[in-house]
Structure formats: C-alpha cells, structure tokens
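For reference, the structures are reproduced in the following blocks.
Two complexes come next, and they have one chain in common, subunit A, joined by subunit B in the first and subunit C in the second.
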Partner chain A sequence: MKVRSSGASEMAKSLLHLALMLLAGMVFAYPLLFMVAASFKPGEALFTDLGNPAALLPDARWSLNNYRAVFDKGAVGAYLLNSGLIALLSVGAGIFINSAAAFALAKLKWRGQGLVLTLIIGLLIVPFEVLAIPMLLIVSKLPWLDASGLTIGWLDTLHVQIIPFLANAFCVFLFYQFFKDVPDELVEAGRMDGASALTIYLRLVMPVCKPVIVTAAIVLFLGMWNQYLWPVMTVHTAGARPVMVGLQQFFGRSTQWGEVMAYACLITLPVMVFFLLFQKQFIRSVVGAGIKG
Partner chain B sequence: MPNIVFKHADKRYDERIERYVFRDLNLHIRRGEFTVLVGPSGCGKSTLLRMIAGLESVSGGDLMFDELRVNELPPVKRGVAMVFQNYALYANMSVYDNIGFGLKIAGLPKAERHALILDAARQLQLDELLQRKPAQLSGGQRQRVAIGRAIVRKPTAYLFDEPLSNLDANLRGQMRAEIAELHRRQGVTTVYVTHDQVEAMTLADRIVVLSRQGLEQFGTPDELFDTPANVFVAGFMGTHRMNLVPVDAAHAPKLTLLTGQTVHALAAAGIGTVGARPEDIALVEGSSGSVQLVERLGAESLVHLLIEGSASPLTALTTDRSLAFGHQRTLRVAPDKLHYFGPQGQRLSAP
Partner chain C sequence: MASDNAPSRFGHARWSEVAVLAGPALLLFAAFVLLPFVLAVGFSFTNVKLLQTERIEWTGLDNYTRMFALKLVDAPPAANETERAMPQRQWRQMKRAEPAGFDGYQYLTDISLGGRHYLIGARDPQFLRSIVNTFLFALMVVPLQTVLALAMALWVNQSFRGRVVLRTVFFSPVVTSMVVVAAIWGLILHTEAGLANQMLRAILGPDAPQPDWLGDPHLAMLSIAIMSAWQGAGFQMLIFLSGLQGISIDQYEAADVMGASLWQKFIYITLPGLKRTLVFVGLSTTIMAFGLFTQVDVLTGGGPMDSTSTLIFHSMRVGFREQDIAYGSAMTLFFFLFVLLLSLGQKKLMERLGR
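Then we have the complex of A and B:
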C-alpha cells in the first residue's frame, strides 16, 4: 500500500514539474514563435491574430512576401555582411587578445599584475555609456593607414566598430578564472621542456580550454552582433552600417509589422545558429566543468 | 653530470619580506647519487627541489652545478628533468607527443626524435600506448609517461617531486622498484622528494632530513637510523616511531625501566630525552606494564605497553602473537641500543 501511494505521488510530482517547465518554456518561446509566424503573414493579420494560439501555426496566408520586401526596401544583405564581419573578426581577434592577457595575469609573474587585474575587474562595473563620448573623441582623431593612404579619424568604418572592443574585461576575467584552475605544474612542465611563455600559452594551455573559448566566443559574438549605440555614434553612412542600426532605419521607413518581423527574423537567425552549434560547450562552461591537468 | 651544491643559500617566502624557508643552507649532492629530501609537509623539500630545477629563485647565496653558478639560469639551460607529483602531462597530446615535446622545442630532427621516443617508450613498457592520450591511461602509466618525458632528454640530473604519492600502495612499490632500477642502470644524479620516510630509506644513497627549522641531518640511511642527529630525526626516521621519553618526573617509571637510572641522574648528566626503537625493545615475563593495544602487522606485532605509573605507553615490536589486551609484561633493552639527546634535542653520547 505504502509503495503504491509513494509511486503515485512521485508521478504527480513529475507531471507538475513537467507542466511548470512547459509553461516556462512557452513564456520564453512565445515571443520568438510569434515573431517567426508574423514574418510570414501580411501585416494586418498580426493584430487580428493576437492572443490566438492557433495563429502560430502555418496557414494559407503564409508567404515570403515580407522577406522579399525587406530585401527590396533595405540593404539588409549588406548590413548582415557588415555585422557578420564585425562579429567574426571580433571573436577571432578577441579570443586571442583576451586569453593572452588572462594568461599573463594568471600564469606569469611580473611586477604590477595585481594592479592590472584590479583595474580590469574595476572596468567590469563601468557602463559603456560612460566611456562612449571620450572614445568617440579619440577615434575621431586616430590615424589609419590602408591601401588608400593615411586618413585621420576612424568614423564610418568597420574597424571603428571592432578595434575598440577587442579588449573585453569580462572575457579577460572569464579566461583568468579558468586559467587559475589549470594546474601550475602544466606550465612548469612546459618551462622544463624549454617552451617559451607563448608556446606554453598556445600549445599547452589553450588546447585544454575549449569550453571557455566557446563561452567567450558566444559572449563576444552576441555583444558585437547586438551593438547599437556605438554604431549610431560612429557610422553615418550605409557602407559600414550593421544590422541593428539597419533595423532601426528600416523600422522608420516601414510600418508594415510583417516586414519588420521578417527583418528581425533575418538578424536573429545567425545568432540562433551560432548558439545552437556551441550550446553544449557553453552550458558546460557556465556550470563550471573545469579541466584537470 | 654535476655535483649540485648549495652554498649559504637563502630562500624567502616572498622577496619583499624577511620570512625564510631556508637560511644559510649548505648542501652538497654528489654526482651520480640518489639523494632523497624527506620531511613533514611544509618543511620546504619541494621548494628546495624547485630551486634546483630553476622553477623557484634562490633569494641569497649560490646554487652551483660543479663550478657553474646557476642562480640565474633558466630551467631548460640547467640540463635537468623533473617529474611532477600530478604527472603534469599535456592533456591534448598523445603519449608519443608528450614524450617528444621537449625534443621538438629543442629543434631535434624528426628521425632523431622518433628514435629517442621509441627508446624511452621501450624502457618504460609504453610501446603499445604511444597513440593514447593521458586521459586514457591509468595512474601508473601516466607516471611512466612523465618519467619517459624526463628520460628522453638525457638530463644531467633527475628531479622527482613526490612522484608516487598519487598511486595506490601496490603500484607505489612497483614504481619505486622501477625508479631504483632506472638509477642503477643510468647512474644519473637523482634528487627525490618524499614525505614517506620508508620510501626514503629504501631508495636513497643519502637522505636529507628537513624540518621547518631547516636541514636536520644529511647522511646515509644507516647513519640516520643508527645515529640520528637529534630528536626530530630520531622520531621521524624508522618504520616504527622511536619511543622518545622526556627526562622528567612524570616519565620516571619508563626511564628507570629503560635505562636503570633515575631521573635525577639522567638530568645531572645533561640528558633531556631518552630514545629506544620498538625493534630494540624486548618484551619479557614480568608485571611492570600491561598491554594496551596490539597492532597486528603480519609476522610481527607492535605492542603498546603501559608502564605502571605512566600516562602513555611504550611501543615494542614482537613476534609473540599470543599477546593481548591486559597481559602483564616487562621490557628489556640493550644499553647500546638507547639514544640520548640533550635539552635542545641534540644527540649525546651515552652517560
């Protein structure tokens, strides 16, 4: 009798747990699903279907017209390319720069490293908005040498949206915490074998840091893909415009909600793909699975 | 192969403050010898080893490899190889690449590297495991790879930092034999750190006993066992801890039984502590004490005998398996097997 009632109450608990998780999932998923569904419908259908769960399902009204309109009315393809370049270059260079800084702080001994670490951690609490104006003044005066010659000022370029953000205090701190858990003996074994600090960093330590590299990549990618304030301040021409500024411009030109939703879907898709590709490593890193040497 | 010599060497905990791990250390490790650094946790034995390796700086004084002062020399230029306690293998590389990494950094041609790696693998029975990663190896295999990484560089000295402490007892014995065999075969200067004094006694040509106060004694296992320089060495070395009896009224019954002398006479002779090894104490018929505990060790037993009038027992090793709690016995020890120490713990000759 006791076993049966305990089994029934366990089942009830599981069902309640499942129901709560489903509800939470729906709350998080509904806006995304709504956005996707609305992107395939004509604009007026969006308002008539509000509150109707069946509106999420495909029906006869679904078409690609909104997507066609987005590509016709706005240079979304170019903006996607700009944001893609900005994000990918930032991820590539940012992982190297931030991890190298963290390695120097965590695994090497040099005068002043405590102070530098304190400054970096201090930067974590400074909002970007505080730094934006001074940064704008600086980048408007910096020289740039490329194939076309020497120019003064970095405004209206892709590199103004990349270079100031390569050094990321949060990513440095992320790598620092991870490197602290890597046994010092690993570095010392490398020293005994005659490896330089750079070799130890590149060939011994970084290869065992895949989870945190993926986390840093996701953090950097999302941060650079979603940039809005800085591009608004520094980019005034379409040539270097990223997708978020493009969305704001498109929204100003089109009141067709279906088209706006289609634009939003286009700029959300790469982020979803990126996250889905690396979610396992990201979750592993976030829940603190470390590496034992 | 150099002699490794510390001359008036100091080591500070932190270069900015005046707190020392060692002060004025003088130590001469002879070429080709198997020298063991032994002592309790925190005594600085690993620090000393790392100073030889170049992983820790020498705060003051000189560290010499023969006539060459190596204080400022980086680890790779000293020609030594180190085996770490937790193996420190490169997790992303195969056994083959782990062993050959140092050779690759040194710029050796591929063919030469390959030959050296295979030779080291053969010596350590790692031939079948060369393509595995460290995560796919057992503890003993990982330790052999760590040793292989050291062997392949043909160093002038091997430095072992508690290499067996992560292994189970059986494997420890086996690896200990392999390390001893390696030294016997190659005759390379070896400095070995352990907290296990039994390991020290079985492996070493000479032992450096360290405490938090510094170097206590440096000698052969027999010297340390037969003539410990002070109370610390006497209590630390030996399979079974030496009975160390302070010369005071509270221990009078034990002292009388061991030495046949009074506390007053011993104190007048300047003796602060009397020592007797359990192996040197014979249990005979009598009623001076009663058995409190018998630790069965196989063929022998370690008997804890509480002498009447004492608060704590003496220990004696015996082959008498009939002894049990409450049995009455007395003890005998040959006078020449007793150890005498002064009030500061320093060894004295018999009164």
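Then we have the complex of A and C:
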C-alpha cells in the first residue's frame, strides 16, 4: 500500500518534471522552430497561426515561395557567398598568423618578447567599438592593388571585412597557452637536426595542436559570420554585402514576414547544423572564449 | 653579436625567424588595433570630422565636457498648471529671450527641489539619456540573465533523461546570430499579431492589455532586455555548470547525512561554492550589457523617443552617421574607461576570493 502511494507520487513528480521540461524547452526552442515553420508559409497564414500550435506545423499552404523570393529579390545567394568567403579566408589565414606569433612568443627567445606578450594580452580588453571609428578612416585611405590596378580606399570590398580582423589577440593567447605546454625537447630536437624555427613550427608543433586549431576556428568563424557593426560602417553596396547586413536591410524593408524568416533560416541553419554535429567542440570553444576573453 | 645570428639551444632566436613568424600578426595589430586606438585618443581632443570643413584644431577636453555639461536654471513662475506641465516649452521661451546664455544647450529635464522648480539643459541630452538607458538595461538584464542561467545550470546538472537535449536547447540561441534573434523577436513582439500579445489574449481574454512592446518608451528597453537574456543565458549556464563541477560531492553527502533540505544545500553549499563563478558571470554580463548595440540597431533604431538609445548606439550615431569622429571617439573612450574599471574590479575581486 505504502509502496504504491509513493510510486504514484514519484510518477506525479516525474510527470511534473516532464511538463516543466517541455515548457522550458518550448520557451527556448519556439522562436527558432517558428522561424523554420514560418519560412514555408505565406504571410497571412503566418499571422493567423502565430498564437497556436499550428504555427509550428506544416499544412496545405506550405511552399518554397519564400525561399524563391529571397533568392530573387534579396540576393541572398550572393550574400551567402560573400560571408562564406569572408569566414573561410579569415579562419584559414587567421589560424596561421596567430599561431605563428604565439609560437614565436612561447618557444623562441628574443628581446622584447615579454613586452609584446603583455601588449597583446592588454589588447584583449580594448572593445572593438573604440577602434571602429578611427579604423573607418584608416581603411578609407589604404591602397589596394589588384588586376584592375591601384585603388585607394578599401570600402565596399571583401578584404575590408577580412584583413583588419586577421590578427586576433584572443586567438594568439589561446595558442600561446597550448604551446607553453608543448615540451621544449620537441623544439630542441628539431634544432639539433638543423631545422629552422619555421620548419619546427609547421612540421612538429602544428600537427600536435589540432584541438586548439578546432577551437580557434570555431571562435573565429562565429565572429566573422555574425559580423554586423563593421560591415554596416564599411559596405554600402550589394557587391560585398555580408549576410547579417543583408538580413537587417531585408528586415527593414520587407513586410513579407515569411520571406524574412526564410532569409533568417538560410543564414542560421548552416551554423546550427554545424553546431549540432560538433556540439562538444562548440561548447568548449565558446565557453573557453568567454572565460579567457 | 653571435647570439643574435646563430641559432643555439639556449640562446636567442634569429631575428629573421622571429620576423617571419610573429611579424604578420604584429604588423596587423599595429595597423588595426594600436593605430586606431592611438588615433581615437588623439581625435578625442580635436574637432576632426570625417568630411573636414573647418580647420582641424586642438579643442582640449571640450569633447569630454560636452558629454556631461549641464545647465540649471530657475523655471519662470508658471501661470498655470498646463504651462508648468510643459517645461520644454518654458525652456524654449527662455532660450528665445536670451539666446547667448543658452548657447549650445538643449533641454534635458526638469526637477522640483525644495519647493522650487528648475529646468535642466545639457550640451548633449541624447548622450545623458543614452547613459541612463544603458544603466537601466544593465540593471534589468544582468540579474535576469544571471538568475536564469544559474537556474538552468542547476537543472541540467541533475541526472535525468533528456538533460543533454535540454542543455542543447538552452544553448541553441547562443549560436544564433543576434541579428537573426532580433528579427524573430520582432515578429513575436508585434503589437497586433505577435505571439506575446496573442498569448495575453488567450490567457486573460479579449480585454487583455495589448502592450506595444517595442513602440512604448517605457517597455522597449525591457523587451530588449528579456530578448537579450533569452539569447545569452545558455552561455552563462555553461560557465555555471563548470563552476558546479568544482564543488565536491562530499559536501552534499555530508549535508544529506545531517538531513539538510534542498534549499539549505543550495544556500550553504552551492552558492558559496559558486562565489567566484557568480562574480565572473555577473561582471562579464555587465560588461557585455554596456556594449548593447546590435539589438537596438535592428529592432528600434534607438527609439521610441530615444528610450533605447545606448552609449554605443549614440557614439556610433554621432561618430559614424553624423561623421563627428572626434566626439564619437571621446564617447567610445569613455566607454572603454568604464569597461576597464569593471575588468580591473573583476580581477581584484577574483583574486581576493582565491581559487
């Protein structure tokens, strides 16, 4: 008798817990699920459904019209390509530039390295907002040489969204901490074989630091993909526009909510899928970035 | 010197090696961090504009005094209540009567003190309003986000089926870009059709209040704070989770033996064990709160009536859109000093709390 009643109360407890989980889960998942569902619906259906569970369900009115529209009107394809290129190039080059500097700081001896290290750690604290305005002036005066010749000013280009962010103090710091723990013997063994510092860095040290590379890549990628303030300031033409600025503009102009949501989906899902696949690394990177950065 | 040229096991590295490895990063840091920072400091003491029309001059601390300069005047005796209720008009009338004394000042607010009525003007009333808004935002979002994150962490730290799924769901807004989050919430907070108001109608009936979440100056900042806490709490949850790992199970077991309640365990074991984490989360959330910009730019553009204009939003409006580089730089440097103080305070506090 007693056993059964405690069993019943256990049951009630776990049901309550389940209900709480569903409620909390809804609060946090609803906006994102809603974004996905709404992206397939025409505007009217979207609004009539908003307050009830139908908002998240497919129905007869589902179509890919919104997606077609954002590719036609919103040029989202071109923006995805821009942001993809920006992120890819930044992550690729950023990893080498920052890890190489970290290697020089952690494993080579040179005069002034203590000062340089202190300066770089000091840079961690300077918010980008402080640099943004003077940087706009700097990039508007910098020269650029490409196939079409010499031009002055980096505005409205892809490289203005890449080059200023390649050196990343947090990233240097991340690699520095890892390299500190790499045994000196590894470097010295390389030296004995007559290898240059560059060879030791590329052949001996980089191959053993894959976990840090993954972490750094995730942190750099998220930062570049989500860039907003800087491209708002420097990119005013569609040619080099990244996805987030594209969405902001589309959001400001369009009253077709279904299309806005389709746009939001397109730029969120790649990151989301990536996150679900590499959850462990993602969480480690983002938390690491938060605690140290 | 031999040590500078020849590589040796314990000597100095070759300068050429250092230059190849560290050179690119150092050059980039110099060009895109150090130089803009030095320029920002320099500009803040001048009258530089993006498109320069006047002569560039040193203006000393003028940009800094412009942020905070106030002017207090006795309000003229009001003829009636209506006139008294319109201090802004009184200010305009006084300014028209005596333009020189009010030069460069705009109406900010009015205040009644000791039976007397004053009008207060400022050289940049938008800046002062933005500062107040930024503090208000921090006051709302920091406790909200911290408590939410702590509750979430304590919850998913239990062992039950589905905890990993729940943790993933809690964290998913963090990997969603703030611009996307703002666009979705713009729909949820839509006055007539948005989910928030539809839910109010569903619960309270057809006469339920239908607030204009983003259009009401009293509500807009609160709405942004709720949205921001929702987006960011999953991140602090993870930090709390790693803090919880550091509390030894023995303490809880000992408490169980003594018959302590859940609440007692939370107050006497969990909270003290999380002291460092709480300080870290609280202060870093505060620092982030003071940088509020994206949500405002996407959702409200600083409005309605400047009620969501923040320190960074205002400095970008001035420094970038209005092209007043010098004054914009002075404001962002003020922001920097503030963040610096908070970070130093955080460091000191963490050191005092020990490991």
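Rule of thumb we're sticking to: the second predicted complex is superposed on the first by the 229 of 293 C-alpha atoms of A that agree within 3 Å, B and C clash if a C-alpha of one lies under 4 Å from a C-alpha of the other, contacts with A are read in each partner's own complex, and residues count from 1 in each chain.
The rule we apply is simple: a contact is a pair of C-beta atoms (placed from the backbone, for glycine too) under 8 Å apart; a residue touches a chain by one contact, two chains touch by 3 or more.
Note that this is a predicted model, so its numbers are computed, not measured.
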Exercise for the section: Mind working out whether A:92 is in touch with subunit B, subunit C, both or neither, as first, second, both or neither? Expected result: neither
Handout entry: First (subunit B), second (subunit C), both or neither touched by A:77
Key = neither
Practice task
Figure out whether A:188 sits in contact with subunit B (first) or subunit C (second), or with both, or with neither.
Solution key: both
Problem - Touch count on subunit A, higher of subunit B and subunit C - result: C
Practice task
Tell me which partner A:199 touches in the superposition: subunit B (first), subunit C (second), both or neither.
Solution key: first
Exercise for the section: For A:136, select first, second, both or neither according to whether it touches subunit B, subunit C, the two together, or no partner. Expected result: second
Exercise for the section: Could you say whether A:207 touches subunit B, subunit C, both of them, or neither, answering first, second, both or neither? Expected result: first
Practice task
Considering only the touch criterion stated at the top, classify A:247 as touching first (subunit B), second (subunit C), both, or neither.
Solution key: second
Practice task
Check whether A:103 is in contact with subunit B, with subunit C, with both or with neither, and answer first, second, both or neither.
Solution key: second
Exercise for the section: Could you give the residue numbers on subunit A that contact subunit B in one complex and subunit C in the other? Expected result: 188, 191-192, 291
Problem - Interfacial residue positions of subunit C with respect to subunit A in the complex - result: 7, 9-15, 17-18, 20-22, 24-26, 28-29, 31-37, 39-40, 43, 50, 152, 155, 160, 162, 165-166, 168-181, 183-188, 193-195, 198-199, 201-202, 230, 234-235, 238-239, 242, 280, 284, 291, 293-294, 297-298, 312, 315-316, 319-320, 325, 328-329, 332-333, 335-336, 339-340, 343
Handout entry: Complex contact set, residues of subunit A against subunit C
Key = 17, 21, 24-25, 27-32, 34-35, 38, 47, 50-51, 55, 97-98, 100-101, 103-105, 108-111, 116, 119-120, 123, 125-127, 129-138, 163-167, 169, 172, 188, 191-192, 196-198, 201, 222, 225-226, 228-229, 232-233, 244, 247-248, 251, 257, 260-261, 264, 267-268, 271-272, 275-276, 279, 282-283, 286-287, 290-291
Problem - List of subunit B residues in touch with subunit A within their complex - result: 53-55, 74-76, 80-82, 84-86, 88-92, 101-102, 105-106, 149, 153
Handout entry: Contact set on subunit A toward subunit B in their complex
Key = 183, 185-186, 188-195, 199, 204, 207-208, 291, 293
